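In this document, chain identifiers A, B, C and D correspond to the written order of the chains, with residue numbering beginning at 1 in each.
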Amino acid sequence: MPATKFRRIVIGAVTVVAVAGALYGCAMSTMTSKDDAQLESRATAMLKSSFKAKGQVKLDRLDQDETQRLCSEYANQPLPPSVAERIQKANLATVRFPADGKLIGDWKSGEKIAQSGQGFQTSDDPSKPAGANCYACHQLAPDELAYGTIGPSLYQFGKLRGYTDEMRKYAWSKVYNAEAFNACSNMPRFGHRQILTEQQLKDVVALLMDPASPVNH
Amino acid sequence: MADPMKIRANVVGDSTEVKVLMNHEMETGQRKDAQGKIIPGWFIQNVKVTHNDKVVLDAQWGPAVAKNPFLSFKFKGGAKGEKVRITWTDNRNDTRTDEATIA
Amino acid sequence: MDKKRREVLKAGGGMTLLMLLAAAGWLRPGDVRAADWNKAAFDTKTMDETMKALGGGTPVPSNDIAFFSTPDIAENGAVVPIGITSKVPKTESIAILVEKNPNMLAATFDIPAGTEPSLSTRIKMGQTSNVYALVKADGKYYVASKEIKVTLGGCGG
Amino acid sequence: MKDMHPRKLAAGVVVAVLGVTIGVALAQTSTVDEIAKYREALQDGNPAELWEARGEEMWTKPRGPKQVSFARCDLGMGPGVVKGAYAHLPRYFADARRVMDLETRLVWCMVNEQGMSEADATKTTFGGPGRRSDIEALAAYVSGQSRGVKIDVALDEPHVRDMYQLGEKMFFFRGGTHDFACATCHGDDGKRIRLQDLPNLTTVEGARKAYSTWPAYRVSQGELRTFQWRLNDCFRQQRFPDLVFGSDASIALTAYLAGRANGASFDAPAIKR
């Protein structure tokens, strides 16, 4: 899977560079990596001076971890395989399984979590549970027509892949930290960044992997 | 004071087509504010459209009409240069009348 | 404003008289509104209640009433475009009703002779629901309905 | 369970994602068609006109402690010239020694010509129920006066070009609890969030389509929204802190997106979900 992603990134970057070149004439093509690093650091500094804390959101949200920094740096150019591997390895190490060994919670609660985009915004009440907003990017239960396409369809996720222990563990790990499998994935790291609680993670995994879940109808 | 409406009245065949946008919150009275207090309903209840002092449309609205309401309809007759006059009244007794020249 | 006076005023020439009274300073604008806004009808929650408040019986389904420029799916329930045309002869009024809104009646439009029984406006819908176009013609009521789905938009939060 | 190795799991995943039945696919096609019809039906009457009218009146009226109108406000094409001005913004203003977008320039005129304090001028940058924004009304009016004009941001001007390049970097900056960057949602073709199409702003075509239709009346809010609002609310949803109105980053990103949209025919204020 990562190989496909790399190809896509490479193609995207080539397009962008070509267009940028057309806009600037030679300006871009002659930019050295030193210039680029300087631009990067100026942009980061400018960003940090342009926000203010509001509600539950403090300025430390702009402090990048290594994964974020690398994914930003390589967003507009091919992601070298060595960097991708570094990112995936580091994120894989963060995946934790529940102490009770149970990965499947309540799919009904999982559906609510998948529908909700609440949480961690300046406008959100931090005392209320956060959602995962899965439908923003993925198709899941067929009754919900308003689904996004940033991520692949997860309709019949468990049914197509089999309700195996191995697959349940994969689903858990993927929701927990998507960067473990796909460097610079667009998907938030719901477990690693503590966006969802352990129980919520179980409920979302149930939505994907419980044969009774409408996702698998 | 309420803001003006935006009225367009155009001759189309043997009719006059009226399109109007009104400036109004159309608050339902069902919503709560950040403190959990109900925001009181505030909405247009009556809309009357006249052409040469003849009523060509007379509407009653509830709070389910969308914010900044839009209305479009046609009446027979009407000539370029004549006036179409629209008045709305809301549940706070605020009222607004605007006129447009038929084009 | 008491009911009798309202009826008397209505009987005595409806809005024209009311407007004269208002112009003469006999009535404040609020009185005009109170006389002309059917609170009972706008408070109703079911079709039966609405029909009762409007003073009509059970409406007859009609193929002569059509929706135009009205989508099957609304991208946002805060603004749902509704267009209604009536080909029922002697159409006197058109009303828009939303089955699953907190109150069923959204709007009524009296259509005087000379005005085309066709109009479009925009309403709010709290959720996916049937929307009814209720037409009064020659004293009788006719109805057509259409389901409009309301979808959740954007980032959902 | 601790000995379980997710990497092996990943290898074991057979990508058998052909699970979309024909029925579901058909339903989705009609959903997209119906949403297109919905958008079409909205075009008939755009409440943005109400803001344009209010902004136009405001433009000519004496305001602020100095009781001066915007007649001397230079949006880059000479004092008081509104026609076509929006299509050339952001641009470098020597008097302010800064690259400015429309909203920051309006505030600059309110402060420097009308004598308002910065705090007063930026008190209501984004309107809401019961608090109307003068800036939104003025932006509606001014942008409306560029309808049909080709977007032409001076990327050959060094200050503007610098902001463009910085904005491009920021567009790809990942951060926050959710690792989101602008590019997360706006870096690929043909994507949707829920049912909303997401323009790919890294392509000229995507940037043109998106940028040329702001400001816009948002039916979900019943408000006229400016591009400053668009950026602010994107960052809110990115789980970032609050983007300061008129901040350097907001100008840099606007310069990047406007610059990419160069050549498009300006078509705002529009009406959007």
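Keep in mind that, in the parts below, contacts are C-beta pairs under 8 Å (C-beta built on N, C-alpha and C of every residue); 3 or more make two chains touch, one makes a residue touch a chain.
The shown structure was predicted, so the numbers you read here are calculated from the model rather than taken from an experiment.
Note: the chain lying farthest from chain C is A, by mean C-alpha position. Chain centres here are Cα means. That of chain B falls 14 Å from that of chain C. In this assembly, the C-alpha centroid of chain A lies 48 Å from the C-alpha centroid of chain C. Inter-chain centre distance (chain B to chain D, centres taken as mean C-alpha positions): 30 Å. Measuring from the averaged C-alpha position of chain A to that of chain D gives a distance of 24 Å. Under the contact definition stated at the top, the residues of chain A that touch 2 or more other chains are 117, 121, 123, 135-136, 145-146. Of all residues in chain C, those touching 2 or more other chains are 73, 78-79, 120, 149, 151-153, 155-157, listed in ascending order. Counting only residues that touch two or more partner chains, chain D has 31, 44, 193-196, 219, 222, 237. Applying the touch definition to every pair of chains gives A-C, A-D, B-C, B-D, C-D. Across the complex, chain D is touched by residues 3-4, 6, 19-21, 23, 25, 27, 39, 66-68, 70, 72 of chain B. Considering their complex, residues 1-2, 4, 6-7, 9-10, 12-20, 24, 27-28, 31, 155, 161, 165-170, 172-181, 183-185, 187-188, 190-196, 198, 202-204, 235-237, 239-244, 247-250, 252, 259-260, 262 of chain D touch chain A. Looking at the complex, you find that chain A touches chain C at residues 115-119, 121, 123-124, 131, 133, 135-136, 145-146. On the chain D side of its complex with chain B, the touching residues are 44-47, 49-50, 53-54, 129-130, 217, 219, 222. Residues 1, 12, 15-16, 19-20, 23-24, 27, 39-40, 42-44, 46-47, 49-54, 57-59, 61-64, 67-69, 71-72, 75-76, 92, 95, 97, 101, 117, 120-123, 135-137, 139, 142, 145-150, 152-153, 155-157, 159-161, 166-167, 169-170, 173, 179-181, 186, 188-189, 193-195 of chain A are the ones touching chain D in the complex.
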